[in-house]
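Labels run A, B and C following the written order; every chain starts at residue 1.
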């Protein structure tokens, strides 16, 4: 792999797909953007900055992400709301090992019936991406969220 | 046309121009980003998801967009406010017919005097873009908005 | 210089770095993204639109930006909060003189303990960028902010 226009475009598409599966569905396609043996961590920024490894959510395989999707699909029924991701400032680098390391900022805007949109979560992604069968997939995704409130919607992927 | 760096850059510029004409003006330049026989639809997400074709706004030509601009310019006088678009997660594909199909997420932040900025609208674009006289223009633009509130500012293009 | 994929990628990286030094630190690296003799202006949109040159903050050298960082670092201690920049709709052009002119929209989301994230500032950048020792740096940055409220946090770079 070489960091050229084609690869950059694939990386941006991966992030666009990441957002669209979470925002517009189908949510079952979200885990497919990860390799089998992947690591997904949701870490408060306070912890991350102080080098505390504790994540408030840790999924160590695609199977665990699929479980999470199932949990959301059972929960989400009861309280309808829409989410919208903005993923910006994507900065991807190709390492000598053929792994893409990427950082990006994100925000998730929530829309609940009868209310103005509000920012549910904001923070950054620190990711590792690999090429598997001609498709890019996440092998590691750290979601470092700035928010100090733990919203009751944390079950939902970010 | 080939989806190469040049074309991708032109697509991103079209979206940047789309935002800047709406945010910073001149608003009269906004309809010029569409071809004569274009379709602009503003559709609530609820309707779109359930395959209901009903749009709350439907403009079937550039002339209708120009009418809309005229309406805004007469209305906007009375209540000063600023808008700011963020268009992210742009994902463009080139079809065999030479049409670019593109999706993107958007948010519109409104600033009214004496108040903190707030999110006026959030959602996604589903667009078709063609090359006319060496310039890219929208031939179809669907604005699918997540917000369930219909704000009183809906006359303003999004 | 030629506006090709390599240059575009460097420009996007400069903006990603700009955001990350402000959001995640180290803040001391922020002035390093400017050339020695650079101009940084913070201008209310009202003034800018009416061609009033008055900026509410004017830094005419990298040294002045460093002073500002020092001021922030002394102030920020007392009131912890997190910032997150989204820089979108980046539109860069290469001039005949080898200077890159670029515009972009930005928003800054603030997170304070125990509160939902809120939009602190929103507006646009109008920038000039040059290549110095194989690195891109800002030679001029105008921050045109839409917000009409002057927040008490204006000391913080945007």
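The working rule: a residue touches a chain if its C-beta (ideal position, glycine included) is under 8 Å from a C-beta of that chain, and two chains touch if they have at least 3 such contacts.
Remember, predicted model here, so these are calculated numbers, not experimental data.
Seen as a C-alpha superposition, subunit A sits on subunit B after a turn of 120°, to the nearest 5. At the interface between subunit B and subunit C, under half of the residue numbers appear on both sides, which makes the contact a different-residue one.
With centres taken as mean Cα positions, subunit C sits 26 Å from subunit B. Counting partners per residue, subunit B has 5, 86, 88, 118-119 as the residues that reach two or more other chains. Partner subunit C is touched in their complex by these residues of subunit B: 5, 9, 12-13, 15-17, 19-20, 23-24, 82, 84-88, 109, 111-119.
Across the complex, subunit B meets subunit A through its residues 3-5, 8, 45, 86, 88-91, 103, 105, 107, 118-119, 121-124, 146-149.
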